[in-house]
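I'd like to ask you about the structure that follows.
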Amino acid sequence: MEFSASPVWFIALPLLAAFSAPLWTRWHLLDHLLFGVPLVLLILALGLFPTVHEAPLLETIVIAPPLGIHLHLDSASLLLVTLFCFAVTLVAAFLWLGATDSHLRGRRPFVLILLLLVGGNGLVLTGDLFNLYVFLEIAGVSAYVLSALRDDRPALEAGLKYLIIGSVAALFFLLAVVLVYLQTGQLNLAAVAREFAAIPPAMQGLIALLMLIGLGIKSELFPFNFWVPDVYRGSDPAVTALFSGLLVKAFLFVLVHLAVLIWADPAVARVWLMTLGALTLIVAELAALRQDDMRRMLAYSSLGQIGLIMLALGFFSETTTAGAFFHMINHTLVKLLLFLVAALLLRRCLSLRLEDLAGAARVSPLAAGLFVVGALGVLGLPPFGGFMSKLWMLQGFAEAQRIWPIALILFAALIEAGYYFRWIRVLYAPVAPAASADTKTTPEPWAAYAPLLLIAGLMLLLGVAPFLLETSVVEAAHALLDRDLTLQSVLGVAQ
Amino acid sequence: MNLILKLLFLAVSLTPALTLLTWGDGTLAWPLFGGFELLFELGPLSAFFLLLLALGTPLVALPMARGTPDRAAYGLFALLLLGMQMLLLAGDFLGLFIGWEVMTWSSYLLLIRSTRTTLEGAQTYILFNLASAFLLLAGMLVFYSLTGDFRIAPLTEASAAGRWAVFILLGLAFLIKVGALPLHRWIPLGYDQAPDLFSAVLAGLISKMGLYGLLLLPTLFPDALAGLSGRLLNGPAAGYGLAWIGAITAVVATFKAISQQDIKRLLAYSSIAQLGYVVTAIGVGSSLAVGGAIFQTLVHTLVKLLLFITFAGIVLQTGQRRFNDLGHLIDRMPMAFFAVLIGIIGLAGMPPLPGFAAKYLMFVGLIDARWLLLLAAMMLSSTAAFIYCYRLIYGPFLGHANSPEARTATEAPWSYLVPQVVLMGLLVLLGIFPGFAIEVIVDPVLMTLGLTPIGAPSWGELATPYGGYDGVVLMTVFGGAFVIVTALFWLARGQMRRAGSPYDLSFAGEVPTADTPLHYGAGMGRELRRIPLIGWILAHTTAGVQAGLTRQTLAAAGLLGGLYRRDPQTWTLLAVLVLVVASTLLALNGGWF
Amino acid sequence: MHVLLDSLAMIALCYVMGFLFQGFYRQFNARLQRRWGPSIWQNLYDNMKFLLKSETLIHGPMFFFGPMIIAAGAITTLLFVPFLKDSDWLQGVSTHGNLILIIYLLVVGPLGNALAVGSSGNPFGVMGVTRGLTRLMGLEVPFFLGLALVMLQHETTSVHAIMAAQDGIAHWNLITNPIAFAVILLPFIASQNASPFDVVGAPVEVYAGPRVEFGGRLLGVLMTQNMMMTIAKLVLVVDLFLGGASNVLELIAKAFALFLLTTAISAAFPRLKTEQTVDFFWKVPLGLAVLGVVLNVWLI
Amino acid sequence: MYHKSDCEGFQCEQRMLEANLGQDDAGLGVVERLIGWLRQRSLFVLAYGTGCGAIEMRPLMTSRFDAERFGIIGAATPRQADVLVISGYLAVKTLKRVIRSYEQMQEPKYVIALGSCTINGGMYWDSYNTIKCLDHYIPVDMYINGCMPRPEALIEGFTALQERIRRGEPGGYQRYRDNIDWYKANQRRVFGDNMPPAYTYDWYSEGAT
Amino acid sequence: MLEFLDSPSVLHGLHTIGSLTLFAVGLYGLLGKRHLLKVFISLALMELAVYLLFIALATTPGETAPILSDGLTAFVGMADPVPQALTLTAIVIGMAVLALGVSLAIRYHRLSASADIRTLADAKD
């Protein structure tokens, strides 16, 4: 049988692997597979780039669109899928190599992480509204359990909060889907896009609003993101790395994708999305100033970056969107790095609170150094990739003679610097760290640092040679923004 | 292993010199994205600043390489060098900014390696510097939106508002870096708290990058800023504001310097003041003034390296850094005494050292521009500088030893002495041959900036249309007079006797002891407060403003952070409320608005 | 050779004029106070007596070199001031210098001496030095601004050129630029360390100030340079405002006239405190100077 | 001498001191005579106002008597002074300061003592803490008698001192240097353990360099 | 007598009102009740309201089940099969989430002896 490089694999393979977990448990292959499955998918995704460069791949299931379900792999979704596979690979490597706590080893996390990957991949690949809802729930459920995985009080609180607010979000989204179906009789995204304009305006508005709120909660936009710090605080840092690096990106993509496809009038969407992005950015950065727990701080910082990406995506210009895609990649790398460093520090210093981490650079110099690299990357300071993507977005705004987002982004970056450098200063404070002085924890094996060093190297590489990703990012932006192209490739006709 | 590491480090510190010597005319391009490229080339302006780097870095690296190798510091220092060289070689704003940022954060990481840094100091340092960097970024983005290119090129066709925006943004960015008032607060904190040798780099080299930026402004706005908004008297009107900023900076910082109790803080404020002169001169924009500015940049680099390295040696030997705790080191550290002596002569701009040549050019430039009130302000600052210069040498070296360490100190290790000797030699040579510096160092830069070169009839002579002076003659006369007078006196000295004790003083018939408060260094300048203007200046700082700003920001942060501490029901309620309000609005508007 | 002879002549002339003028000053003051006063040669006697003292105490090498530096500074300064115009003699090396250089050279020596004072470790001496530097800060601003007005008027910093431009009594800067002269007059008195601005070395108040530790032959050197410096400054102002002089007699006459004026002013006022001095200079002469700048630069 | 009727008490001593004033200076070269003449023409006075005589120094210096016409003028610090004027009785406490000041003066230096108190204690002859005979502690070059001497007498004394300087007579400082051990022993008898530190005087013993 | 109820618009209206009421009840529970189980029940109620709305509005009276069988060879007069399929899926998902939530709540109760949603808000660092 000939192997066909189909997008289905991105969903099917992890699903299969996850459901046959008992088998792997018996064969002691969990760690290897958790690392291997996303790695295989990553290689597959990389191999698909030339194909997708020619034309988007369309994988129909049973019936051709608009009636059937289909997976739509264009440059944008391929880029994100690659990113997700990479993120999961890295986290898996970290869990495998890093002598992790027991609750992060074994069958449960194996299944859940792979399901999370399924959910993320499905969200960006699917071309069907209801399918979108299903993947949203898959991703959501696995995320709820993942955040409660440690099974102590903070983790359960985080899981419960996440579950409640996530269910509300899913409910809103489901309502929107129902209304769309009732109005248009269609669930295929392209078909819905074609017919959405025919709906009465008030109903259009209601549907858009419901989707915006549902996905806004999921993708952590400002007035709906109050749950984020609590959940990130309660969960394991290695898990939050996935939330911040994978899950949010997927929802963000879905939100913008829907906005492009459904909201026919980009001017209106631009106002809404940019406003939300700007609010998220500035509020999160300000709120992060006073956080004394590293996970909370990283959560707020993550929110700020999401706002930034939203601001750039919402501008719907090809340059800023390309920059935003690039920034998604960089942000994923950076947040993986920072959360995994946080995981190491947590294990070493037994706490992630500011006062307990004072002088932590003395006991784990490499982790502190990597935190510095991560902070520089997230602040967008050269020579790391974050700078290039930020510059790309800013240059897009400058090209369009739009000054206020530039001012806002730079101001927010300054505030961000205010708290990140506070943490750096604390890590390097000239005092002996409080907790680790008496705890005789063994130093981490070097292998635990390998994924982190890889990330740092990649960040540096992307900062020095951003042209490596240029074509894929620009094509992704093109694919995301060009509504007609999508419609044509799905439905076979231009609108 | 350690030796190899140290040798490697020293080799790295020689890279600016190598770059300067081997670069030639070539350009180097590195693609980024979207057709943008980083372009590196070596113009005379960059070459001048690269020369400063090439001089300064090995001299600082030598004492840094002493003792057990500090790997992290070496690495960061190498990064810092990389950043500064990128910044200088960059032919476009992108490279400039990248170099600028690399320099900023690597210097920050070097700064916090000192055990003396406080959270406030470190935060002030990095936030001011990042504010400067982001202003630079904003300026270059505005520039880009006007021209569609990041190349550093004259900005002639843009609208007046656009050009002013670029001028103000870039000007602010660079003024923060040189520490112009009221954006100077990071300098005293940073220079004071940095590792002692790194302070030399901060004051001598990193602050010069701000000047490099300011000197780029005449490149962007040709005709020495006059293209921006016409002329005022004989100078550019846009530069007039810049010049006043510089002059006020110089005056206020000088008085602040006088009132400091800590050597390094004093040097920091003096650095602010000295760079204030340069800002003023750049504002004047004529070839004389800019020539003076470049000369002053050179001299200030040498002087500040010399002083900071010397005082680093003193701190190393005594562990004391306040005027109150030192004293009478002249017998114990004569080399350091001479270094500081030469340093303060250069700092005060006294003949025959080159500081005077620089000041002379700036003064003449101001007279030429007919901006005499600025001249008065500069004169005020440079005479008031005598007081802190005197304090700088009196406090540690003269008077009486005030701590056990000061009584038993010995000369600093040779790795500190070698840079001191080299820098002293350079300063003296430049003082004798100001014409050499003009012709070889200053004139090429002036020509790049589109100004007429000053020229020099001979190496010893400094010549301007307003008259000049001859460094060789000056040095010969002064040296000759000194030798002759001393010789004559020595021949007819009669019975000369050295006092048996430092406490053998005429003290109204009393016999002072070690407990008598004899060291006037601590209180020096105290009576200056009684002069109304100075009293007013010394009574006001920007610390309160900064603290207030921090407080307000943190209060806002607390307020917003409070939003995030509710239960899921509140979050849901909020989402529902948004839905209800927005749909009501929609319904009222009858559609999507 | 010519330069050497010329320099020696200048130094000698300065010295002679110096003790005579200061002798006159003491006589003048004594007569004002209804005393006979010392002989006009008294300063010579004093100076010689100190130079011939048999014992000298020093506080270390820097203490010894300080007076040497100040003497060398004084000699350098006066050699850079042209004494005559249109003459080969009494020029020193003035063609190689300029006005701004001279203004700075005036300070070099005192600062060198300040090192010696600090080296002695006597707090009164350092207090005096600080007061001196503070006064310098006060006086230099209007002084320099007044001279800058002259430099601006002639668009040169060369003393020769400024002298040459004043080729008749109507072209004296005193006549053409009276504000500049008015501005510099009081700072000039202060720079001569004359009353009412002589708080720096006030004998009773700060125990002779900077000179507190100097005695014997070192004090003799200090007195010598002081006399020479007085004359060098006088000649400089004569050059700048009174058109210079063509021969020695004219020079002495003009310098004496100027000296008489400053002496009269000195004798008439009581001593000011340091901060009063500075405040005064920053109000009255500087205000006048700003007026002069406005007139010269903006209105004319 | 003390038995002659034309003088009594310290007047005889004074006369003895003044006895050879009229004589010509013998055996001096031109240079020494010039030096002597210049020295006597300029006397800087450190007036130590220990007693009531201090009040007589003011008229001496001011318009009425104008000592400046003789080249006599006040000095602020001992380093610059040639003449130390002890203007009255000395307590133990002030003696210490006087000795310190005297030792800080640069040679050639002279001491003029005013009033009877410095000669024999005067009206304080039986006081428990007053120095009776100043000459035992520092070498006095010239006593000016009276209680207190008027400025005219002071001028008389100064001119007498000037005459001696002119003739190049060795001053009291020579005596002090030669007999330092005796003087110090006397001082020590008064001060006990309260002597100034050794560095203030031990250079005397090392001799001239 | 109640035939008018069979007219699609009335029926749809009633269903809409009913499901909205149900939704409102659920919303009230979600926002107002403190016990975690009640909150989950409220969430389930809201979901049910959505399903009801979906099914009800996608069907008109008189339609038959969408099964091709004897005599029925064309898609005529059949109810739209998609909403039913979707609702079934959604019910399964909702069920799973509910079960998960309840299990988490039980574990939470065991650990903290509390099932009050407000105590969740007191999460301290």
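For reference, chains read A, B, C, D and E in written order, and residue numbers begin at 1 within each chain.
Throughout what follows, a residue touches a chain if its C-beta (ideal position, glycine included) is under 8 Å from a C-beta of that chain, and two chains touch if they have at least 3 such contacts.
What you see is a predicted model; the values in this text were computed from it and never measured.
*Asks:* Which chains are shared contacts of subunit B and subunit C?
*Replies:* D
*Asks:* Mind listing the chains that sit against subunit A and also against subunit D?
*Replies:* The shared contacts of subunit A and subunit D, listed by label, come to B.
*Asks:* Measuring centre to centre, with centres taken as mean CA positions, what chain is farthest from subunit D?
*Replies:* Chain E.
*Asks:* For the interfaces B-D and B-E, which has the higher count of C-beta pairs in contact?
*Replies:* B-D
*Asks:* Name the most central chain, where centre means the mean of Cα atoms.
*Replies:* B
*Asks:* Averaged over CA atoms, how far is the centre of subunit C from the centre of subunit E? Could you give it in whole Å?
*Replies:* Subunit C and subunit E have C-alpha centres separated by 102 Å.
*Asks:* Once you find the CA centre of subunit A and the CA centre of subunit E, what distance in Å lies between them?
*Replies:* Once rounded, the distance between the two centres reads 30 Å.
*Asks:* Just curious, how far off is subunit C from subunit A if you go by their C-alpha centres, in Å?
*Replies:* Centre separation, subunit A to subunit C: 78 Å.
*Asks:* Can you compute the centre-to-centre distance for subunit A and subunit B, using the mean CA position of each chain? Integer Å is fine.
*Replies:* One centre to the other, that is 44 Å.
*Asks:* Which residues does subunit D have that touch at least 2 chains other than itself?
*Replies:* Touching at least two other chains: 77-79, 104, 107.
*Asks:* Residues of subunit E touching 2+ other chains?
*Replies:* Within subunit E, residues 30, 39, 117, 120 contact more than one other chain.
*Asks:* Please list all residues of subunit C that touch 2 or more other chains.
*Replies:* 53-57, 207, 212-213, 216, in rising order.
*Asks:* Please give all chain pairs that are in touch with each other.
*Replies:* A-B, A-E, B-C, B-D, B-E, C-D
*Asks:* Would you tell me which residues of subunit C are touching subunit D in their complex?
*Replies:* 26, 30, 33-39, 42, 45-46, 48-50, 52-57, 203-204, 207-208, 211-216, 219
*Asks:* State the interface residues of subunit A toward subunit E in the complex, per the touch definition above.
*Replies:* For subunit A paired with subunit E, touching residues are 130, 133-134, 137, 140-141, 144-145, 148, 151-154, 156-161, 163-164, 167-168, 170-171, 174-175, 178, 181-182, 185, 187, 230, 233-234, 292-293, 296, 353.
*Asks:* How about subunit B: which of its residues touch subunit A in the complex?
*Replies:* Residues in contact with subunit A: 31-34, 36, 94, 97-98, 101-102, 104-105, 108-109, 112-113, 115, 117, 119, 122-123, 126-127, 130-131, 134, 137-138, 141-142, 144-145, 148, 553-554, 556-558, 560-561, 563-564, 566-568, 570-572, 574-575, 578-579, 582-583, 586-587, 590-593.
*Asks:* Can you check the complex and tell me which residues of subunit D touch subunit C?
*Replies:* 35, 38-39, 41-42, 44, 62-63, 66, 68-69, 71, 73-80, 82, 104-108
*Asks:* State the interface residues of subunit A toward subunit B in the complex, per the touch definition above.
*Replies:* For subunit A paired with subunit B, touching residues are 160-161, 164-165, 168, 172, 201-202, 204-206, 208-210, 213, 217, 223-224, 226-230, 265, 268, 283, 286-291, 319, 322, 372, 376, 381-383, 387-388, 391-392, 394-395, 397-399, 401, 403, 406-407, 410-411, 413-415, 417-418, 421-422, 424-426, 428, 430, 466-467, 470, 474.
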